[in-house]
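Shared chain: chain A. Partners: chain B in the first complex, chain C in the second.
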Partner chain A sequence: MLLKLAWRNIWRNTRRTLITLAALTLGCGVIIGMQSYSESAYGRLIRDLTTQMVGHLQVHGKGWQAEPSLENVVENPRIVEAAIAGSAPGAVSTRRVIGAGLAGSAQNSSGVMVLGLQPDRDDLLTVVRGEALDPAVHGRIALGSGVASMLEVEPGGEVVLVGQAADGSVANDRYTVAAVVEAGSVEMSATTVFLTLADAQDFFSLGEGVHQVIVRLPTDDEDISDHVATMRAALDLHTLEALTWAQILPELRATIDSKRSGLLWINIVVLLIVGLGVLNTMTMATFERTRELGVMMSLGTRRGRVLGLVVTESLLQGALGFVLGAVLGIGVILAIGELHFGAVSTGDMLGVRLPSTLPLHIKGSAVVGAGITALFTTLLGGLWPALRASRLPPAEATRYV
Partner chain B sequence: MTIDRPLLAPITMGLVLSLSLSARAADPPPPKPPACPSDAASPDPMVLLRRVEQTLEGTSSVGTISMSIKTESWSRKLKMKVWAKGEDYALVRILEGGPRETGMMTLKREKQLWNYLPQAGRVMKLPSGMLGDSWMGSDFTNDDLVNGSSLTDDFESKVIGTAKHDGRDAWQVVLTPKPEATVVWGKVEMLVDRATCVPLIDRFFDEEGQLARTMVFAEIKTIGWRQFPGRVTVKPADSVRETVVSYDDMQFDVSIPDDTFSLHRLQQGR
Partner chain C sequence: MAVVEVVGVKKDYVDRGAGTTHALRGVDLAVESGEFMAIAGPSGSGKTTLLNLIGGLDTPTAGSVKVDGRELATMTSAQLSDLRRDRIGFVFQAYNLIPVLSAEENAEYVMELKGVGSGARHERIEGLFERLGLAELRHKRPPKMSGGQQQRVAVARAIAAEPAVVLADEPTANLDQATGRALIEMMRELNRERKVTFIFSTHDPMVLEQADRVVRLVDGAVTSDDRKAGGAL
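Let's turn to the complex of A and B:
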């Protein structure tokens, strides 16, 4: 009965209601669209980061992250990996060795980072030319694209590496170029060469030791604190450190957080403006109907019911605006589907390569959030005119012209 | 990992590898060095330092050197043979070291360095960006091998007094680089033995006046007319690292065939 009355009331001035609805629809649509876009981008960035370059969690020798040194290794990576597998079912781990050296071809030589990895377990590298490293084949090297062009070598060519091993001796060896690759960041592709883990351990005289055990959890969730806590509990943190990607790249974490809170404030401002529009509409609507409301109350309609009626009218518009806005926002995101950045995104964001394509997803929390905020603002926008209407003295109101 | 340390003074390597620093116009070899002004309370610093240079270097030298390097995480010993001619040519060959580095050679020709890498079987030229890096993991840098500077040409010097060190009477000499000289130090303080004109201690200060490195000379022995320190210890001021160089066998002013320093020969690993 109340709903029906409210529904009829809001369509008594069709034009005004349509304008209010348009504002609500656009507001909700923009919030859902923007938030879904930016959350898709963060989600993709974090997923790439956790599956490729950094992992969800990294285990190092204690103090390695703050001060990386060749000698500071995880001495028993097997034990660490077993502890992780035991404490976080489904987690995948892979080992890396990181050192420095000098790479030379017949043409040129250049200082490089040397990264040893398990090519069958590590998704860090994308082969541009040639074929991927094979863990069973020794004496092969993959060059970051920047290094390859600096040394002027292609797959099949030969590269000599020199460096200092962990025992202080001069490590030197000759490798056949298997591939030219792109790695996790532009910087990495420009400065790093890649060996199989065994070759790198041999080169740097590390034995079984590795510098990083990289852990990937079977989840795309951003909040991994529970997993991390159980894994940390299983590790010997007197000799090891276990850091999350957010601890390893704190600037990236901070940037995402600050962009998120920035967007939140934009949303609040958008809905505040829409809310003021609703307030204006409802004030006008009750003002116009002063006489009518006075008559209703004179005929015995209780004040609470008048209050309810006006609030319901406002909420009805909010709900309608939200539904239309959701349809708009979701529709636009689905219509775009996937963004292609092409050449624009060959850059890094704080040391992480940005993806070149971005599939957009509807963020459920954005839709729910927009719904709650839409109803909340229309509730607030309607409440004041409703209170005013319900407190009208019926005798005077009926005489109001 | 690369070892970042301030570029070490060229003086060091000139001394250690007997690369001639000051024998620019000294061909044929000086038959008789200037006498050591032992009796002078405050000798002319130029005379003193010229004598020091001539003592430590020659027109050419051949020698066998042991080097032991200690760091926080490892220590190791290398044995090497060194040939040097004038200030532009030197060759070092590792006789004993780790299994992958025995047979390694470093060739200096003028301002450039090449390494022969025995495991790779290849020669690699050192890019200029790596000059500041450690040579063979020691407390000497590649730059020490490449750049030549001279106590007498690149520094203003002053004898400021006398002191005792290790039971020996010594002059205290302060050297400050000339404005146009390409020297990485702000100041060098030396103690020079009065009896033999052999340096006893060199202290190297950076441009902020902080002690950066100390070299201690010991086991003075006689080679021909020379008195020569048989052992040099180098310690960077800010770490527990230490490199000790012992001269097992040194010959000065000997004739060395020119092709010793040929790049072609280096490429063949001989």
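Let's turn to the complex of A and C:
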């Protein structure tokens, strides 16, 4: 009877209820839509970051992240990879060498970063023109698109690299341009040339040593702390350091956290406004029914039941608004499906290339969060009028006109 | 045994601007089970205040009110609610049915509060509505009913939970003469058949004519207490 009464009561003033529901629906829909969009974007950004650029975890020679130097290497990357394979089943690792040099062509020269990688295991590069590097073929180089423009070289052309090797000798060699590539960020494409790992180790006289062992976990979860703890336990951290992507790019982590926090506050403000609407509706609804509530108490309805009735009316509106809002938010996300920002994205976010397409996903946490918040807000909005109604003196209330 | 016992009851209303109003000035009243009595008096004489005190809707400034032998002043809000639910039925001048409930749901509401099961509720409602000639109104909501129909449903609601006493505050005030008479006759029959105690506040001569006992209030004090010869007592 309480539920029946509450349901019928909320439809006594259809227009008022529809306006309240519209506000709740929009509020929940916007929250679900916005949060799903932003979480899809962060998820994609972090996935690109972990699968292409940085990995979930990187192992370096101790202190390399703070002060990168050519000589500070992981001397035996095979042992590191074996330890990781044993502690994190399904994890994939790849090695990189990073140094600096001068690249010259017949037309121009430019200071560059030299990155040696395992092209068959590393997803960092996207070939724009030419052919991908082949680990079995030596003497070939891939140029970041910006470097290729600077040097005015295309695939098939030649480039000379000059630098300093780890043993102090002058490193220099001539390479055939295999490809012009885009890398994980606009900055990287503008400043970096890429060699196979073996060529880079040879160029810098590193032997088997590498600067980074990049580990990718078979998960899209953002929280990888358990995996990281297990992997760290398997490594010799006296001579090595093992850092997560968030430790390697703390500005990006902080930016994502800050944007999430900003969105949370926007959500709170949106629902606070909706909550005030519910408060107004329920205050009016109980005010208009003062006499009726007095009569109900005269008939033997306990104060708690009157309180329960008004709160139930509030929560019913919250639940209905949430369901409609969820349909709206989910419907819009599903209808859009994927956002396209152009063939190649136009920029970086703190050193990470923004994706050119963004598939939108419904975030369960956004839906659950909107539901809990909508119910909590309507509960708060209905509580004061409910308390007021339950405290009415019945004799006075029955005389109310 | 007196179903209602009022001893030395005073009720003052304090208004900062207008000072203190003495609504009741030491009323004594005992109502036996099965009585069909009226509290008469002009407007402002304290009739409604007295009914409110008997119904536990208000508290006296001084004196004692007992219903079924229980002192209302010592009861909590929840206990008073339960007493009204279990032992007291109310009929209001303005009907005061719950507008979103149908006639039968209005009557069912009090039984549901009392914990009567769904089957028993429907059975009792069917009998009661049949008895009161309300069968065709069962599924109608109050806004679709006339004043007389609403007041008859209000009486059905008041007695549905089988209370010891029904308090009716000027039940005929908003009804025309014929409808008012039919309503009082209906209540009279319920009083005779089911031994339900009725206490009216009224200044309607037709109601006073039907009552077995008339207590007159003037300025918050009982001025007469007349029992009709051959009445219920």
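Going forward, the second predicted complex is superposed on the first by the 398 of 401 C-alpha atoms of A that agree within 3 Å, B and C clash if a C-alpha of one lies under 4 Å from a C-alpha of the other, contacts with A are read in each partner's own complex, and residues count from 1 in each chain.
One rule holds for everything that comes next: contacts are C-beta pairs under 8 Å (C-beta built on N, C-alpha and C of every residue); 3 or more make two chains touch, one makes a residue touch a chain.
Source: prediction; values computed, not measured.
After alignment on the shared chain A, the placement of chain B and chain C results in a side-by-side fit free of clashes.
In the superposed pair of complexes, A:Gly99 makes contact with chain B only, with no contact to chain C. Once the two complexes are laid over each other on the shared chain, residue contacts for A:Arg12 go to chain C alone; chain B is not touched. Geometry note, superposition on chain A: angle between chain B and chain C about the Cα centre of chain A is 150 degrees, to the nearest 10. Touch criterion met: A:Leu70 reaches chain B, while chain C stays clear of it. Using the contact criterion defined above for the overlaid structures, shared-chain residue A:Thr398 touches chain C, although it does not reach chain B. Contacts of A:Gly111 after superposition on the shared chain: chain B is touched, whereas chain C is not. Using the contact criterion defined above for the overlaid structures, shared-chain residue A:Met296 touches chain C, although it does not reach chain B.
Applying the stated contact rule after C-alpha superposition, one finds that A:Met1 touches chain C and leaves chain B untouched. Of all C-alpha pairs spanning chain B and chain C in the superposed arrangement, the closest lie 83 Å apart. In the superposition on the C-alpha atoms of chain A, no part of chain A is touched by chain B in one complex and by chain C in the other.
Partner chain B is touched in their complex by these residues of chain A: 68-71, 99-100, 102, 104, 109-111, 160-162, 164-174. Those residues of chain A that touch chain C in the shared complex are 1, 4-5, 8-9, 12, 291-292, 295-305, 393-395, 398. Of all residues in chain B, only 1-3, 69, 71, 73-76, 97-98, 100-101, 104, 115, 117-122, 124-127, 129-130, 134, 136-137 touch chain A in the complex they form. For chain C in complex with chain A, the residues that touch the partner chain are 52, 55, 57-58, 77-78, 81-86, 88, 90, 92, 96, 98-101, 105, 108-110, 112-114, 157.
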